[in-house]
Each structure stands twice: as C-alpha cells, then as structure tokens.
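Heads up, the next two complexes both have subunit A, just with different partners, subunit B and then subunit C.
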Partner chain A sequence: MHSFLTILWKEFIHIRRDRRTVVIAFIFPLFMTILFGYAISFDLKQIPTGVVDFDKSPQVREMLLSLSASEYFNFTIYPSVKEMSDGFQKGDLKCGFVIPPEFSRNLSRKGFSKIQVLIDGSDANLARKISQIIQRFFLKSSLNIKFLYNPELHSRNFVVPGLIVILMTILGVILTTRSIVGERERGNFELLSTTPVRGEIIILGKLIPYGIIALINVFIITGFSLLIFHIPFKGSFLSLFFYSLLFLFPTLALGTMISAFATTELTAITVSFVSTMLPSIILSGFIFPVRNMPQWLQWISKIIPATHFLHIVRGIFLKGIGVFPRESLWLFVLGVIYLLIATQGVKKRVE
Partner chain B sequence: MPSSNDYIIEAFSLSKRFVGITAVDRLNLRVKKGEIFGFLGPNGAGKTTTIRMLCGILKPTGGTARVCGYDIVRDKQAIKSHIGYVSQRFSLYEDLTVYENLYFYCHLYNISGEEARMRINKMVKLAGLGGREKSLTLYLSGGLKQRLALVCALVHNPLLLILDEPTVGVDPITRKEFWDTLRELANSGKTLVVTTHLLDEAYKCDTLGFMHLGKLIAYGSPGELTEGGKRTLEETFVQLVKNA
Partner chain C sequence: MISSRLLAMIRKEFIHIRRDRRLFPIIVVAPIIQLFLFGYAVSLDIKGVPLVVMDERSDIYSREVLLSLTSSDYFLIQESANGLKDMEETIKSGRAKAGLVIRKNKALSIFIDGVDNNTAALIEGYFEKALLKYSSSKPEVLPITRILYNPEMKTVNFMVPGVTGLVILVITMVLGSGILVREREIGTMEHLLVTPISASEIITGKLLPFLLIGYLEMFLVVGAGILIFHIPFRGNLGFLFLATFPFLLTSLSMGLFASTISKTQQQAVITAFMMLFPNILLSGFMFPIESMPLVIQRLTVIIPVKYYMIIVRSIFQKGAGIQTLWNEILALFGFGCTFFLLSIFAFRKKLL
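And now, the complex of A and B:
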C-alpha cells in the first residue's frame, strides 16, 4: 500500500508539471464539448424554402403561415418555377414548394390535395432530413407520432451525453499509454523492477491517476451540458458515477494492453488512435446507429467498450434508467479479456 | 580457502536461453564481499542478461545462483531489498526535483518520516548536491545526474550495488571522481559490480570477469590477467576472444 501511494504521488507530480498532460486532460474535453454542443448540430432550423404559388388562395396562405410558425422553414415567394430554379442553382434554396392552381379547389372538393416538393439533393444527409421533416408535417393530420424520451428530437441531447463516452475513452487510453510507454522508454521501468515493488502495483499506480482525471471529466462535461446546453438529465449522478467507474475497467485495460505491445510513445498514440478512438467514434453508435450497420460490423461494435457505455449514458441522461445488467456484464467481460491479453503481452516483453 | 559466506554472489551453471539463442551459457561466477567486481565483455556477450537474472528480474532457464545469501528464483523479493541498481541511462525522473527523486526511492523501500529525511540529507551530502535539493533533475549536469542516480540506489543501504555502464557519456574528470566515490563505498564494506567497456576503468577493479558469447572466459585480478603487467588488459582480451 505504501509503495502504491508513493507511485501515485509521483504520477501526480508528473501530471502537474507536464503542460501537455494538463491540456489533454482538462482543456481538450471542454473544447470538444463546446464544439459538439454548439457547432455540430444535426438539427435543422429555418430551411431556406422557395414557394411558387399558382393558386393564390387564403388556404395556401394559411398553410404557409402554420408551417413557418414551426421555425423549420423560411419562405421566399417566387413568381415562377424558372426563377425558383435559379435560387436552387445559386444555393439560396434548399427546398421548394410548387402549389398547383387547383390546390384549394381539390382541397374543398375531395378533402385532399397535392403539392410538389423540390429538395436540393447535393447534400444527401441534409436532403433526407428535410424530406423527413416535410413528411412529418404533411402526415400529421393522419398519423400522430409522439417521440418518447427526447420529444424535440434534439440531436444535441443525444450527442453531448455520448461525448462523455468518447472523451473518457480518449483520456483513459491516450493518457495511460503515453505515461506507461514513456516511462518504459526512459528506462525507468527497468530500474523500478529492481526494487521490491511488484509490477502490478507499478502499473496500477500509473493507471489510477488517469482514471481519476477521466472521472472528474465526466462530471465537468455533465455539469457543462446541463448548465450551458440544458440537456435533460433524468437519471441519478450516483449511477452515472458507478457506471463510469465500471467503464474505466475495460478502458484502462485496453490502454495497458496497447502499452504492452507498443515500443515507442508515438506508436502507442497512433495505435490507440486507430484501434480505439476511431472505432469508438464511428462504430459505437455515437453518430451512426449500430442497427444500420452490416452484421459483421455490429459484432465488432460489441467488443468496443464505448458501445455499451453509450447505451448506459444515454439511458441515464434521457430515460432515467438506473441499472444496466446486460451492459455491465459486457463491460466486465471485455475488461477481463483485455487485461488477460495485456498480462500476456507484459510477460513476453519482460523476456 | 574462503568459506562460501565470503561471497555475495555465487552462480552455478547459470543459463538463460531465449528463443533461438543462448544468452548465458552455464556461467559459474563468484563475487567476494567488499570488492569491486568489473564485468567486461563485448556487446551481446550476456552481461546484461546475467545481471538481470542476479537482480531477480529474469528467471534463469538452467542452473542456480545466490545473491546476498538468497536464491534468485525463490527469494527474489528479498534480494531486491538488498541490492541497489544504477542503470546506464541513469533513469531518474527529470521532472522531479533532486529531493523528490530521493524521497520517491526512500518510500519505495518503505523508508518514511524522520528516517527518510535523515537518509536523504546524507545522500545529498554524499552526492555533493547540497543546496540543489529543489532543482529539477532536468537542469543538473551529466556528472551530477550520475551521482544522483548513484545515491538514489543507495538510500536503502544495500549490501550490493550493481552499476550497468554507469560512466557512458561522462567526461574524464567526473569519471575519476565517480570512481573515487565507488572505491570509498567498497572501503565502507559494500560490494560493487560494475559493467564497463572502458579498460582504464577495468584496472581500478579488484577482480575482473570477462564474458564472451554467454560464457565467462577469464576471471581474476587485473594483475593476474596481465601476468603482472607483461601485457596490457587490451592485449589479453583480444587474445582471449581470438582463442575462444
């Protein structure tokens, strides 16, 4: 215990005196939160929409008025289809409505009527979003869809909690591999192994400080998202703390595993970036839904700890769930597997 | 004949095979208490592997050895608290101060409180680092770093001190002073094992062991090996390597 505390003490001095570690540990997460919270919003507001109205009836005006009240559309009236096309060409418009002359007549006679909707397809993602929004509006009378848990479907509510997962992965893996491989590169491990301190204690003493930093960040980011971005938080801080602690197990094991095999600090950072951070961002469901991936990719996503922790964090934030037996089991089993591989790697390295 | 108690290191047929190569081949070695033992040999001769086994870091694949009276496999933890190790690269924490480095090693050996403070002060004096306690190790000269590495390995008052090429990259004057300190330590009863490439340093040792291709091919005092100065050590070793 005494030697463990000694190593902790030394590690905290390293952290305090290395400006790069402080930046990665505290500035970078805040920067990412602000970036994802403000800049990267997948929500659409005020879509520039052109209207060519051949009907010019009060019904049309009423319809446009109610649509613009939703704040999704920002209408501009064009006298002809030709001029509206120019608007698309110049990039002023993303969407256009053409209202036929018989619109109001059909509406009063048959009870329904058709309009033509044009969408700029050059940005496929945007086009899909716009088409979803429009379908939602025009089916509203016949279908009544209610979104549970995230009623406004704000992507921010979805993305910012996920950011906790990504940042914990980055901090847990990058900082620990940097510190372990760096210490080995400088020959300090060789020296430490001639002292009576056991190898596991040395590694643990080097992992725990970064675990603590990652945990502090969970609460900084959570506080930030609640205060600045008003993200709903339905669950309890206690379960967020407990599951973050559990998530640290596979994450730090992964960091140890990478440092067991990497020879230099640079390799360690590159390997952790490619093997941990990219998959955690792309395959975990942070941005792209896992359900839409091919089966084999879905299996790969299962061995990424972030996938399971993402379920947990979103469950806590948006649904207020308190226990996650399936995800906990996954995190625990992954932690054990990565730890076993790491131990084998360390044994090989000593030889 | 001295009894076995006079030896601090005794290796019997010690071997280490890695996949494909035999790094240490049935090595028999004895180091007397209180002497400076010079461990010589070209790169890759097996010196570092031997030292690692003697420190209890590496497990031998054959043979046995006793260090400070303890078996290197069974009692390796006990050995570790009786030896001090100075590595080639000094391996100090450069972002820690002189005091913090010493404090760190004291606490690793479970020395704390007043006892730690006393020993740190003694070591600072021994290294000639008085007044520099609060400087970051990064800003020390090569010679001072070397002395700090030496005293860090001495905080727990070990019986045996192992130094792996401790004078690489140090100027001649500092080297001489360093060897004077090593001699003082030996006079005070400590045993020192020093690996080196420099033959002028070899002359300062009490006993020399010369390793080549995993085997000990020469053993004796510098006087014995040069037959009382008939040849230089260099000539002796070149001849030995040729005949091997």
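And now, the complex of A and C:
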C-alpha cells in the first residue's frame, strides 16, 4: 500500500511539473466546451440566397420580405441566372430562387404558383438542412408535431452532454499513454522495475491520477452545462458519477493497451488519435447518427466505449433515466477485453 | 540556386526517413483509416426512422396514413403501442425515434425524440412531406428544388476531398514538429551547426523531404477518392497540385514552429497536437462555418486549413480554377511565409 501511494505521489509531481499536461488536462477541456457550446452546430441562419426575379410584381416583393423577416434568408438580387450561377461557383451563395414571369398571374388565377429553388449540394448535410427550412416555409404544414426531451431542438442540449464523453475519452487515453510511453522512452521503467514495487502497482499508480483528472473534468463540464449553457438535467448526479467511474475502466484499459504496443510517444499519439479519438468523435453517435452508417461501421461503433457511455449521459441529462443495464454490461465487457489484450502486450514486451 | 550543401542536407533527411520504420504506418495506414471513417460516417442523413404507432382506429384511414409514411424508405414501423405511456416508454428507451398517434376523430399527433436536434428536424421534414395531404392548409408557393453539384446529396463527395486537407495537415504537422527537436535531443544539432551550412539551409533541407511526403499523401487520398470512392473530379489535377503547395508550406511551417518552441520531441508532438484541434474544428471540414455564430465566423479567417478546404472542395466538386480561388491561395501563401519566417527567427534566436 505504501509503495502504491509513493507511485501515485510521484505521478502527481510529474503532472504538476509538466505544463503541457496541465494544459491538456484543464485548459483544453474548457476550450472544447466553449467551442462546442457556442460554435459547433448544424443550425442555420442568414443563408446567403440569390434571387432572379422574372416577374417583378409586388407579390414577389411581399414573399421575399416575409421570408427575410424570418432571419433564415439573406437575399441578394441577381439580374440573370448566369450571374447567379457564378455566385454559386464562387461559394457566395448556398441557395437561389428563380421566380418565373407568370408567378403573380398564376397566384391570382390558380391560387398557387411554382418557383425554382437551387441549393448548393456540395455539403450534403447543409443542403439537407436548407431544403428542410424551405419546405417548412412553403408547405406550411399544420401537422401537430411535438418534440420530446428537447422541445426547442437546441443543439447545445445534444452536444454539450456528449462532450463529457468525448473529453473523458481523449484525456483518459492521451494522458495515460503519454505518461506510460514517456516513462519508457526516457528509460525510467528499467529503474522502476528494479524497485520492489510490483508491475501492476506501477501501472495502477500511473493510471489513477489521470482517472481523477477525468472525473474532475466531468464535474467542471457538468457545472458549465448547467450554469452557463442551461442544459436541462433530469437525472441524478449520483448516477452520473457512478457511470463515469464505470466508463473510466474501459477508457483507461484502452490507454494501457495502446501504450503496451506503442514504442514512442510520436507513435502513441498518432495511434491514439486515429484509433481512439477520431472514432469516438465520428462513430459513436456524438454528432452523426450511427443508424445510417454502413453495417461494418455500426459494428465498430459497438466496440467503442464512448458509444455506450453517450447513451448513458444523454439518458441521464435529458431523459432522466436512472439505470442502464445493457450499456453497463457493454462497458464492463469492453473493459475486460481491452485489459486482457493490454496484459498480453505487456507480457510479450517483458519477454 | 540549390547549393550542394542543401542537397547533402536533403539526402541526409531521406536516409533518416527511410530508416525510421515507425513512419510507414503513420504515412500510409492513418490516411486510409481517416478516408473510410470520414467518407462513410459523417452524414446527418437518416433513413428507416424506427416508428412506434398508436392506432385508435385500425381502419382504411389509418392504413392509408401508415402507407404514405412507409412508402418512402424514411420510416420503418417498429412496434405498436397501447397507450400514450407505453409509447413514450418506447421512445425513451430509444427503441423508436418517433411516435404517431391516429385518433378516433382522424386527428394525427406526432412525437419526435428531440435529443438529437439535427435528426429530429430532419424527421419532422419527412413527416411533413409524407403527410402533406393530411395537413389542412394548402401551400400557395410550390418550391421545385434542384440540388447543384451533388444532386444525390452524397456526403462522401464532400468529405473525401476534405480528407485530403485533413491528412496533409495531420501528417505534416506531426512529422514537422519532430524536425528540429530530434536532432537537438540526440545532440547532433551541434554537429550540424559547426558545418558551413546556414540556419535557413538546415530548415529548408529538413522541410523539403516532408513536402514530398505531403504530396504523396495528396495523391494517395485523391487517387483513392477517385478510384475507390468514385468521387467525381471536375477540376484540373495539375491546378490542384499547384494550389496544394501553399498549404503544404503553411502546415509544415506550423509543425516547424511547434518544433522551435519545444525542448523535447514529446513536447513538440503534443504542442502540434493541440494546434490541430482548433484547426480541424473551425475549418469547416465537418462542421459548417455557416452555422457558427458571427463572431466565430469572423475568427475563422485565421484558420489556414479553412482556405484549403475551400480550394480542394471547389476544385473537386465545382471544377473551379484560379480565377475563383486566387484569394484563398494568396491567403495560404501569407500564412506559410509568416510561420516559416517566425520559425527561422525563433531558431536563430535559440542558436545565439
């Protein structure tokens, strides 16, 4: 027990001395929270929209006026379709309306009229969003639709709780691999192994401080979400804490696994970036829905701990769910698997 | 123009790269993983929305309603519920993303899981389109929509060109950050300095091989994009080659800069890594700049990758040429020269 505490203490001294670790552990998460809370979304306002008006009637002006009052569109009038196309080409426009000469005549005679809408499809996600906004404006559906758990569809409510998961993953993996591989690269592991402290104790002593840092970040980000971003929190703090602890297990195991195989910090960082951080951000459902990915990617998504923890965190924050038996099982099993692979790797290295 | 000293320096660097076995996976495997990840996963589109239905009528009317939902492949009826409570439980557990109630009096009410605001809004749109004839108000203006450049709205056509920028950025910055510190760490920097070679020759000689690696990455991703992902390439490959140069200059110099302000390789890599995040997130690579608050949109003028994203995507998708892109190219040259000069300056200062 005493030797364990010594290793733990030694690691805390390392952390305090290395300014970059402090930056990653505390400044980086804050930066990400603010960035994702304020800047990252797919919401759209003031879509740059070109208009070519062949009708030039008061009805057209009226329609454009009511559309621009919504703040969704920012209109620029173009004299010809050719010039509007150049606007698309340059990227100045994302959307364009072509109003036919018979627009107002049809509107008064038949009661309805057609217009052509052009959308820059190069960013498919954006294009889908724009076409949805246009549809909402023109079709004026009177269907009775209600959104559960996030009635105003705030992007923040979706993204910020998810960020807890992403940051815990990044911190847990990058800090531990950095610490373990760094120690090995500097040759200190040889020194440590000549001491009577057992191998597992050394690894555990190196993991726990980073686990604590990750947990501190859970508190900081939760505080931020509640006080600054006003994210609803319907569940209990106790279950958030408990599941965060559980999530640390597969995350730290993953970190240990990568450090068991990577020889230098350069490789460790590249490997953890490509194999852990990117998949956790892209494949976990943090932003992009898993349901629509190809089947093989959906399987990979299952073996990423972040996928399951995301369900848990969003369930706690927005839906007020208390227990997650299926997700817990996944997290536990993944942790055991990663730990087994890590021990194999370490054994091989020792031999 | 190129002195024999510089040539010798370049040759020496190539020998280093060839000997360093850990570089191979970084150069070849990492880009391929990124291509597949971003090519296939980064889409907000959703099809086959699992739907829970609570039907109080069970007659022709409700069958018609359900048919108009399921005839597109947007909805998939997952289960039926016996009461509102039952229905909400299904949505809460995540088994269904939306619920439809068909009342005795033919009224329809729709519930959508709003947790993921992006897909919730899309699902709303699908409902509106599919159930248009059940809506009481009739539209006056019918928009006939045409999607330009990417009519099938394939996300992969947008992401793969972007991956070119991402891969070049990650590789050149991570490798570039190791350029000077490694030599300093093993102590051979002193050896180099006693030779007649100048500081700018050392730096240029170290950068050039990585410039080639950067181009190698470009061809790897563009080739895979065209041959494996079948992305339409509407522009001029030669122009893309030339327009990539200022970006390579920028990202290598950024790595170099991380190198000059660090003492050890570890510090340099982590500094480069920290510089990567804002660059990726604010470049418009995954998250549209158009959706950011105005203040942050203005802030993105200092994100070099943003300009390359515009360049590479416009060339790929719109077949753009120099007349539309010269602004972005100039901006990148500006960044590249600034970081390069800063690094040489910081390097010289360290020598004194």
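Please note the rule applied: the second predicted complex is superposed on the first by the 257 of 351 C-alpha atoms of A that agree within 3 Å, B and C clash if a C-alpha of one lies under 4 Å from a C-alpha of the other, contacts with A are read in each partner's own complex, and residues count from 1 in each chain.
Convention: a residue touches a chain if its C-beta (ideal position, glycine included) is under 8 Å from a C-beta of that chain, and two chains touch if they have at least 3 such contacts.
As the structure is a computational prediction, the values presented were derived from the model and not from experiment.
In the superposition on chain A, A:H2 contacts subunit B only, with no contact to subunit C. By the touch criterion defined above, A:G187 reaches subunit B but does not reach subunit C. Using the contact criterion defined above for the overlaid structures, shared-chain residue A:P196 touches subunit B, although it does not reach subunit C. Shared-chain residue A:R17: touches subunit B; no touch with subunit C.
Touch criterion not met for A:K206: it reaches neither subunit B nor subunit C. Contacts of A:H308 after superposition on the shared chain: neither subunit B nor subunit C is touched.
Set against each other, subunit B and subunit C differ in how many residues of subunit A they touch, and the higher count belongs to C. Under the contact criterion defined above, no residue of subunit A touches both subunit B in one complex and subunit C in the other.
Residues 20, 23-24, 28, 31-32, 35, 38-44, 47, 63, 88-91, 94, 107, 111-129, 131-132, 134-136, 138-151, 153-155, 157-158, 178, 182, 185, 263-267, 269-270, 273-275, 278-279, 282-283, 287-289, 291-294, 297, 311, 314, 318-319, 321 of subunit A are the ones that touch subunit C when the two sit in their complex. Subunit C meets subunit A in the complex at residues 22, 25-26, 29-30, 33-34, 37-38, 40-48, 88, 91-92, 94, 107-122, 124-125, 127-129, 131-132, 134-151, 153-155, 157-158, 170, 174, 178, 265-267, 269-271, 273-274, 277-278, 281-282, 286-288, 290-293, 296, 310, 313-314, 317-318, 320, 324. Residues 2-3, 5-7, 9-10, 13-14, 17-18, 186-188, 190-197, 350-351 of subunit A are the ones that touch subunit B when the two sit in their complex. Residues 18, 55-58, 77, 80-81, 83-85, 87-89, 91, 93, 95-96, 100, 104-105, 107-110, 112, 162 of subunit B are the ones touching subunit A in the complex.
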